[in-house]
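Paired with subunit B in one complex and with subunit C in the other, subunit A is shared by the two complexes that follow.
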Partner chain A sequence: MKMIKNAAGRLVPDEINNQKQIPYKGVGKYKPTGHKYGPPIRSCADYPADGNKVVKNLREALERAGLKDGMTISTHHHFRDGDALTNMLFDTIHKMGVKNIRWFPSASFPVHSHLIKYLEDGTIHHIEGSMNGPLGRFASEGKMRGVGVLRSHGGRWQAIQDGEVHIDIAVIAAPTADPFGNATGDRGPAACGLLGFALADSIYADNVIVATDNLVPFPCIPWQIQGNNVDYVVEVPTLGDPSKIVSGTTRVTKSPDRLLIAEYIARFVDAAGFVKDGFSFQAGAGGINLAFLEFLKARMKEKGVKARFVRGGSTQYLVQMLEEGLTDFILDGQTFDLEGVRSMRENPNHVNTSPFTSYNFHGKGNFASMIDFVVLGATEVDLNFNGNVVTHSDGYLLHGIGGWQNCLTSKCTILAIPSFRDRIPVIVDEVTTLVGPGELIDVIVTERGIAINPNRKDLIKAVKGSGLPIKPIEQIFEEVNAIVGGKPAKPKLNKDKVVAVIKWVDGTVIDSVYQVEK
Partner chain B sequence: MKVTAGRQGKTNRSDCYFELTSARSGGIKLKVQSKVESMYGESVRNLILEMCEFFEIKNLKIYLEDYGALPFTLAARFELAVKRLYSEIQKEYLPPFNPNSKYKTSKERFRRSRLYLPGNQPKLFINAGLHKPDGIILDLEDSVSPQEKDAAQLLVRNALRAVDFYGAERMVRINQLPKGLEDLKYVVPHNVHVILIPKCETADDVVAVRDEVNKIKKANKIRSKIYFMPIIESAKGVINAYEIASAADEVCAVAIGLEDYTADIGAQRTNEGKESFYARSALVNAAKAAGVQAIDTVFSDVNDMEALRQSVLEAKALGFDGKGCIHPRQIKVVHEAFAPTEEEIEKAKKIVAAFEEAKAKGLGVVSLGSKMIDPPVVKRALKTLEYLKQM
Partner chain C sequence: MKMIKNAAGRLVPDEINNQKQIPYKGVGKYKPTGHKYGPPIRSCADYPADGNKVVKNLREALERAGLKDGMTISTHHHFRDGDALTNMLFDTIHKMGVKNIRWFPSASFPVHSHLIKYLEDGTIHHIEGSMNGPLGRFASEGKMRGVGVLRSHGGRWQAIQDGEVHIDIAVIAAPTADPFGNATGDRGPAACGLLGFALADSIYADNVIVATDNLVPFPCIPWQIQGNNVDYVVEVPTLGDPSKIVSGTTRVTKSPDRLLIAEYIARFVDAAGFVKDGFSFQAGAGGINLAFLEFLKARMKEKGVKARFVRGGSTQYLVQMLEEGLTDFILDGQTFDLEGVRSMRENPNHVNTSPFTSYNFHGKGNFASMIDFVVLGATEVDLNFNGNVVTHSDGYLLHGIGGWQNCLTSKCTILAIPSFRDRIPVIVDEVTTLVGPGELIDVIVTERGIAINPNRKDLIKAVKGSGLPIKPIEQIFEEVNAIVGGKPAKPKLNKDKVVAVIKWVDGTVIDSVYQVEK
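The block that comes next holds the complex of A and B.
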């Protein structure tokens, strides 16, 4: 393994886990050619004519799928921190004595700290997907056998479609399914809304297993996952804890400082001229984002303005907008609360989408780039507007990328961030890990002021005279450093030991994550 | 001997907890558990060692749990622990004065909103000024438990020096007299603008504060003015309101506190507020007679912005100039409700224009249309326009 300097000036390995890597070349610069990856040819003659693909249990399904050492197994994060299936799956794999699995989740959650013992004993070789909380800590301390790979939601599609990741077995947790394998997420005891993150896997994996705790007679309507792509169906007693899958109620932040940030964003997008009939936006489900929605709604009502579509993460607040006629459609990527699930089930204008519609680099266009503005978060932003969402300033890998990188292509990308957390400044001289290049990040909104990327002269001009506290990013940086008692010390990292790489949306490597020295 | 300071528990943010054990030998033994270890661990240790040197402590066992406390908080908590352990130490470890915190105030400035901050909760201090209240109150009185009064004194002192309140008037509510007189030495030398005197009942209370403030000012060679806002919270205080308001030239406003007042007269506090109508009106009258501002009580339902708005409009109608806030989100609503209406502004502009015209023509009488305008009406119109200018 050799470290190469990429176009962002970051050192990245040319090879990891015995796979050659391409260093980041710049935004939109790397465009592979050839044909997309295709799954193996199957024949219906090999499948039960009566459509009944139900097998006894997970173990039998895995055995029939030919599970063996070194395979790639994919799972999905629709059940978030309430997921029981993935843990059950690896318990089974462990009992079967299979080793060196490459786990390819669309995201992981603290509930998956159960799997640390399998990372330790070699059942799992490494993770390619977000490493949240305890798993990130485990990887950061250099304990994982292989090198982790973090991709955006769109990057996952890209990696599957261009053959970078070949999935041997996809295991899809389905809140409702029929014996043929048709499946949906919008109903059943573990209803989570939609199953978009599993869509690529269902199409491209060699073997597809659907597991459900709510088996209904054929046909399962609607089908978000098409049974014609499914090999086996397994009935399990439970998929997880519904209260942790979707929250009963998502809540707007009560913190006055975060409310101030939310209010500034609403004033900013209005001053910048985005809030007009037919506009579109995406705002996520964090506390600031939800508060922003409330401020935006008030402005929209006052001006009598209606959005054409809003991209979810949906919550009760977005559903209210739809039902009050403030938007024509919700194009939903994941559902965060019960109201979102209900609305998706009942309202045809609340549409379930997947990363394919919005985020995939190999798609013939993406919804994400058509959006007027998007409001995102970050763990760090630097003076060049580069963003980090995966590591903290202490060097620990603690979060996944989600759709964050993919959303940066919107017409105006806004990061909503407190200027510091406890004593830790969020604006730094250089990000610990580069996840999003500054050229795609337009506006930083903190409680101490708003910094606009100097490249966006149009935005700077548009909000002039708005009375908003527009400041150079350096000024906020200095202000915060004076409060916290100087710049934070850089983390002690072992630069010889790469524990994970960060992929850009096109599959190139944009940065490396290093082992944290204790 | 062992003492503690600060609050222990992982849910604390921007604060810290110290345990100090005295020792006869062994030098300074420092154990730190910090949430921000890799970023600020060294800076935290350096500060504590520097303070040990400052207080001339040679041997001490120190255990610190740091939940991301800012330097002014760390220093206040450590000084507190040191002083709880060695009561004979008198020296003060003062953080550097923030160059942005040296601004002054004036007697006439607007005091529409004043935001209360519990004096022992440092995490609320830092961003308070961002919400643009006319004044922030670092509270040493009711929001601080009796056993933490010493903690709040040091924390408020350090905050007055280190924290930027972004132009808000810098107020401190001291404890009820006579205990409150003890608080003054922690605030007077550190550019406090207004001292709030709670449960003020007589002019003598104001005079006692003034005398003590003057003593400290003299000792510290402080020349800038420090103003007083007595808070009247009893039946007797209401009776003496005028004497209180005119007890000293430094009184800039008198405020009413209705929780204690209603309890004192044996009434229930209601939304309608009939039980306090007399006291509020009497206070406004006394304040205006003494030429100072009248400030209304706090509005305590932080979730009901509409009720707050109504309450401010009512206060404005009674003649009050300001309202107390206990949550930053209340500030904007208070300012909006105190602002003159379009109608008031238009009328004021017309009156002032007529006044200017009459002045230019050398006329003694101002008239608008067929109506004669009295001088107080002109004065009020000028005040309205002045308000707009200041906003």
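The block that comes next holds the complex of A and C.
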């Protein structure tokens, strides 16, 4: 393994887990060649004619799928911190005595700290996927056998589609499924809304196992996952804890600082001319974002303006917009609360999407670049507008990328960030980990003012005279440093030990994450 | 080219249009190897960020797609005999001076006799796809440059997916579409219901052009065709004649003989025990089939029985079943009348399917084999229950295969056939062209009696004592020959000139079609 300086000036390994890597070449600069991966051709002669693919249990399905040492197993994260299946899956793999699995989740959560023992005993070799919380800390401390690979939602689709990651066995948690393997997330005791993060897995994996706690007679309608891609169906007593899969209700922030940020964003997008008939936007489900939605809705009603579409992660707030006629459509990538699930099930204009439609950069366009503005968060932003969402200033890898990188291609990318957290400034001179290049980040909104990327002369001009506290980013940086008593201490990192890499949306390596020295 | 005897005892060429062929090996005997075709990897960097892929006209789209001599161009047949786009397409190709196109439609219709001049002048080299009527006659007379290849709907998906047919440019007629290329067939002036026959083309073709006469703002919902697979969008004044795309209303037969056949089938499936809660069936849109539906409905109401799903081609008769609560779902492959289109648009339980879900034999199962019984037609059936749907007894190739071969895997395959047409017996000693092996055909229902395949001892036993006129097939054969004055004359065929081949569902060659000598 050799470290190479990429186009962003970051050192990245030329090889990870014995796989050759391409260093980041700049936004839109790397041009892929070759053909998409084609999974093995199957024959109906090898599948039950009556369509019943149910096998006894997970173990039998894994055995039939030919599970062996060193295979890649994928799971999805629609069950978030309520996921019981993945832990059950690795308990089974452990009992089977299989080792060195590459676990390829669309994301992992604190509930998966159960798997640390399998990372320790070699059942799991390493994780490719977001590591939220404990698993990220485990990797940061240099304890994982292989190097972690973090990808955005779109990057994960790209990696599967392009054949960079070959999935031997995909295990799909299905809130409702039929014996043929058709599956949906919009109903059943563990309803999570949709199953878009498992879609690529279902299409491209060699073997696909659907596990469900709600088996219904064929056909399961809608079929978000198509049984024609499925090999085995397994019934399990429960897929997880519904209250941790989706929340009963999502709530706006009550913090005055954060409410101020939300209000600034609403005023900004209006001043910049975005709030007009037919517009579109994406905002996540965090407290600031939900508060922003409330401010935006008030403005839309006042002006009599209707959006053409809004992008989820959906919550009760987006659902209200749809039901009140403030938008024609919700194009939803994941549902965060029960109202989102209900709306997706009941309203044909609440449409489920996938990383293919929304985010895949190696496609014939995607939805992300068509959106008027997007409101995102970050753990750090630097004076060049570069963004970090995966590590904290202490160097620990504690978050995944999600769709964050993919969303940066919107017409106006806004980061909503408190200027400091726990007395640590969020604006820094250089991000600990580069996840998003500054040239794609247009606006930073903090409670102390709004910084516009100097490249966006159009935006600077548009909001002139709006009365908004527009400031150079350096000014906010200095104000905050003065308050908290200086820049955050640089983390102690072992630069000889790369614990994970960050992929850009095109599969190139944009940065490395290093072992934290205690 | 060498002729080889296949497992059905039919002579088939080992090579067609310079492509090596595999002779038919028996039902379920050929096991595919290798991987599905992967289309070229693209990059969003090469597509408009605002999602607007609209280009000036068809010519510009073809030029940008790199159209050149010898390419393969695919179209779909959802517009049936009302299709204006395909003729417009080849007029454009002709004007561009491009030659030797392999035209790969999902089917062709009499309206496409417009293209005979392009077959004559070499614009089109040959047709791979069903040739209904004039184009079939043209091929039968030995006038086509290349050899025609006929595939079932499922076989067409299989051929594309397996990489047997590489599509350079797919042209998709879309009743409604947005500038990104999302498209639906369920609305717009040329509404045809669904676009399932174009789905494989959209996924696997190198270049995809969507043509529409109803461009709507993004997003077009539902997106039966996903814009993420589309390269160019073209607006055209009209896609075709709506009255020939779908009929205003479909009607049951009034012929007493055919009504009798329909009644026999209804009595047969009931006597055989199929008509019970949760059952499923498929019946086409022909006059006998619709009459059968009426008889079946009466029995279902009488017995208080509800189907779990019925398969379309949908018509007002199936829609009535859905709306009257006689079935939970319609799983629809194509809509034949306005009521079918309306229902698909309005009713979430009227579900659109594709040849992938329904028919593809090189998948992980398909819907066809799960169906309790299917009612089909045929141009000829022989004493071994072999079926022919493509040629007449005079040797002329006048029909496509449609989903016919794919449906043969149902639990009970019933052919509804008048015992003679125009004084030509339909039951023959040997079919002119073998399209479906007799081992998959279970029951022949004619107005003179019902013949059950001797292999199906279970069915013979089940209907014993039902009072139905069950007879050996030989008996019906002899009765009819006595009435019409003997067997039909054997056609005069030039056995040295193969004008087309018939593919089995697995891509092997099951029979050859020869030039008819006048």
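Criterion: the second predicted complex is superposed on the first by the 518 of 518 C-alpha atoms of A that agree within 3 Å, B and C clash if a C-alpha of one lies under 4 Å from a C-alpha of the other, contacts with A are read in each partner's own complex, and residues count from 1 in each chain.
One rule holds in what follows: contacts are C-beta pairs under 8 Å (C-beta built on N, C-alpha and C of every residue); 3 or more make two chains touch, one makes a residue touch a chain.
Nothing here was measured: the structure is a model prediction, and the numbers come from that model.
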| item | value |
| --- | --- |
| First, second, both or neither for A:424, with subunit B first and subunit C second | first |
| Which of subunit B and subunit C A:44 touches, first, second, both or neither | second |
| Chain touching more of subunit A, residue-wise (subunit B, subunit C) | C |
| First, second, both or neither for A:486, with subunit B first and subunit C second | first |
| First, second, both or neither for A:227, with subunit B first and subunit C second | second |
| First, second, both or neither for A:35, with subunit B first and subunit C second | second |
| Subunit A-touching residues of subunit C, taken from the complex the two chains share | 28-45, 47-51, 53, 161-163, 180-181, 208, 217-219, 221-223, 226-231, 278, 308-309, 329, 331, 348-349, 351, 356-357, 360-367, 369-370, 409, 506 |
| Residues of subunit A touching subunit B in the complex | 256-257, 259-260, 393-395, 421-424, 447-448, 482-486, 488-489, 491-492 |
| Touching residues on subunit B, where the partner in the complex is subunit A | 13-14, 35-43, 67-71, 98, 126-127, 130-131, 164, 327-329 |
